[in-house]
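These notes open a run of structures that come right after.
Two complexes follow with subunit A in common, the first pairing it with subunit B and the second with subunit C.
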Partner chain A sequence: MEAPASEEAGKMDPAQAARQRWMSVLAKAQLSELESAWKEMPQKPDFDWLRAPETGMVMLRARTGGTGSQFNIGQMTVTRCALRLANGSAGLGYVQGRSKRHAELAALFDALLQDGTQAADLEVKVITPLQAQQISRRKEASKKANSTKVNFFTLVRGEND
Partner chain B sequence: MAMLSSPGGPAGIGPAGIDIADLKPGLGDPVHDSQGIFRILLEAMARPGKVMQFEGGLDAPTPLDVATTAALLTLCDQDTPLWIDWIADTPPLRGYFSFHCGCPLVERSQEAAFALVSDAENMPRLALFAQGVDQYPDRSASLVIQLSSLVEGPATVLRGPGIRDQTVLKAAGLPDWFWNDWRLNAGQFPLGVDVFLTAGRSIVGLPRTVVVEA
Partner chain C sequence: MYVAVKGGEQAILNSHKLVAEERRGDAAVPELTLNQIKEQMQLAVDRVMTEGSLYDRDLAALAIKQAQGDLVEAIFLLRAYRTTLTRFGETQPIDTAQMAVRRRVSAAYKDLPGGQILGPSYDYTHRLLDFALAAEEGVGEPEAAVADEAVDDSIPRVTDILNHEGLIEEELAFGDDGPVADLTREPMAFPAERDMRLQNLARGDEGFLLALGYSTQRGFGRNHPFAGEIRLGEVAVEFVPEELGFPIEIGEVTVTECQMINQFAGSAERPPQFTRGYGLAFGHCERKTMAMALVDRALRARELDESIEYPAQDEEFVLYHSDNVEASGFVQHLKLPHYVDFQSELQLIRSLRRRHDEDHREAAE
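Take a look at the complex of A and B:
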């Protein structure tokens, strides 16, 4: 999408890296998971929209083999929004697909996670379990794919003499 | 579906990014509000000198008025470089337009498609903005000039397409050289800049075809 992560990683400050990680986890989470996490929040903060949720297209860029020249691989549907909580902290949500509610919840959690007093608590209660679920889903998918893997090999043929 | 202006990378992140914590919200309903505002801007250009009014709420960032903000939010996008005059050129305002319009901000007035002038007394001469070229007269700048009033200033008589006989504009706060420069601007038709004058919720269009009476 933007600059390749590997180039950025060296000069990124830890706060930014942490935020990038939780935004990624929130974006990849399923809406039902986010809804139930939100339901368990003791108090739900008031917020104002800076940018109401909107759906659009983002051009994805890729490189052949990861090193070749860049080309446009295709467009992805993205929903994004920006909001500000009553305490002044602002959150952004960028999610795949057309779910405005997903973008809203991602932005709300992003804003709350930037607030120092709640961050550690939320990290443990929301982000870590979500990430664990995502990893296990991914492992499950890899396992399924792996079981259909076919190894091709050639039998050694005897010499003719 | 609209093409999102800042792909993927959340615009508010990073040292060069925008500090969205201090940002004011833009148009409440971007699609329909900007369509309504565009209609008003078209009418203002079609009827030069007629004072048009913006309805609807908008929390304009300092030092801008509602009309100025509404016009720029509607007109600017990622294909239109915006130039902001020195007094309004503050990080919050740059962030505001980058975030809501996704427009590139330029330092040189000649490179801008739109120019925001909040301090008309000290604005650059009209010749310092893009005038268009003979093959493409549309590659000229449109200026949004914010004034203190559009009804209490010295009277200027306007003629030209879109005006029956003549009309009187009473814009306050324009620099002394403005109407003289305007004659030169109108004289090089089809080249030249177009101007919107704004004050509070009011806006007046001055297309390059307008002729000023001496």
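Take a look at the complex of A and C:
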């Protein structure tokens, strides 16, 4: 169960890979983005809590020198919840920080995305644009960083043959 | 005889009220918001998260506001809050090779794949006070330069790519299935292994580690360090929820990593090679991670068969005194009433003094 991601990747089924991707996008989305995506939903499904939103922590692990043995670097706040839609689809939210609403919306979208009838539509209308936003924010920061890259040049001194 | 002393309650209540008023300062000046602290005091927030050992920018900003900017007090507040939260588990190890790099420099190699990226750094500023920041109208909205291209998606670590000759020791992932020391659950034990030491140093006081790291450079534990690589950026946090059984990304954190490379003459077991010290912490905190890497290397003396002669090499000395929450508590508890202790000491001194006086009188006679 605790196998590292890289080991899992080899035998991962496509459904699991898809779920990993959208859960990551939902966790890293801003709350305001999720709220407006939710507002656009024509029908808000009823649901029951399997686990009401709860804020806690996870201990972050790192590796000595980046590649060596593991150690604990410190903790991070996380909020989680689980819910079940009226149609039986269960959704899970695990998101960094202390926003219960963020976890709830992530779980709702997670449940809806597992429902075959809506998945394709939500993928196009919600997940793809959110991911595009995240990539664009990252790229913007990265371009600013790249403007500080040093271009070394060598001054030739004296005369060679 | 036991004497209960009461009567401080009202004084304490009023002291709290006085603190609240002083914290607010001049009411004619607008009150600080947490967003202002979070956005404009980022490096203070980073230090509080690192030493408070909890990654949460909002909570760190709140702690800084509540502590009137006293960062060690803010760290204490964050540590205390942490104990109220349930722990869901441990994450997968973060992968700093996959970092979205915003700064990356090496003092050991000039030309390296991925290049030298200065990022947001005070290193090349002149350290002259900038009165533009004091101007009434503020600085407006400064704009960074933007390159056409982003930096490479993943920039390999210097220590991983420039080691063709095997002259730098490798860090190999041993014991992935074994337990990892955790100071939040078990007390320090000696000899302390590297996992426990690194956790202690990661949340250790920056000032203390800086002084110790400095001491190794000045000859109190010669390590001949080079900053092999310092990198800053965002890494994904992967966690395996019990409900799923496979890892998902639940967020991302900013970290600073320092790979220090140190000369090593070799021992009975090891050939001469460069050894390594490691520093890693939340947010942007280079001074902290560089000091951490120096001290980490110094504390490897036992493992590398070096003689332990200096404070930075003495793990009990370093690890027992690095935590500013503990240190501050023990130093500051001296302010609490010690009336009875002091009375008994007074009696002792009086009787010693009487005997001393009598002895002198007899000697004089």
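We take it that the second predicted complex is superposed on the first by the 143 of 161 C-alpha atoms of A that agree within 3 Å, B and C clash if a C-alpha of one lies under 4 Å from a C-alpha of the other, contacts with A are read in each partner's own complex, and residues count from 1 in each chain.
Everything that follows uses one rule, which is that contacts are C-beta pairs under 8 Å (C-beta built on N, C-alpha and C of every residue); 3 or more make two chains touch, one makes a residue touch a chain.
Note that the structure is a prediction, hence the values are computed from the model and not measured.
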Of the two partner chains, subunit B (first) and subunit C (second), which one does A:K125 touch, if any: first, second, both, or neither? neither
Of subunit B and subunit C, which one touches more residues of subunit A? C
Counting only touches as set out at the top, which of subunit B and subunit C does A:K100 meet: first, second, both, neither? neither
For A:M23 in the superposed arrangement: first (subunit B), second (subunit C), both or neither? both
Which of the two partners, first being subunit B and second being subunit C, lies in contact with A:R80: first, second, both, or neither? both
In the superposed arrangement, which partner chain does A:L92 touch: subunit B (first), subunit C (second), both, or neither? both
Taking the superposition on A as described, I'd like to know which of subunit B and subunit C A:M59 touches: first, second, both or neither. both
Partner chain in contact with A:G68 - subunit B first, subunit C second, else both or neither: second
Of the two partner chains, subunit B (first) and subunit C (second), which one does A:W49 touch, if any: first, second, both, or neither? first
Could you list which residues of subunit A make contact with subunit B in one structure and with subunit C in the other? 1-2, 16, 19-20, 23, 54-59, 77-78, 80, 82, 92, 94
Residue numbers of subunit A touching subunit C in their complex, please. 1-2, 4-5, 8, 12, 16, 19-20, 23-24, 27-28, 54-78, 80, 82, 92, 94-98, 138-150, 152
Using the touch definition from the top, list the residues of subunit C that touch subunit A in their complex. 49-50, 53-56, 58-59, 82, 85-97, 100-103, 110-111, 115-121, 144-151, 157, 159-160, 170-176, 180-184, 194-196, 198-199, 202-203, 234, 236-241, 243-253, 255, 257, 259, 276, 278, 280-282
Subunit B contacts subunit A in the complex at 1-4, 7-14, 20-21, 23-26, 28-30, 99-100
For a test of understanding, state which residues of subunit A touch subunit B in their complex under the given definition. 1-3, 16, 19-20, 23, 48-52, 54-59, 77-78, 80, 82, 84, 88-90, 92, 94
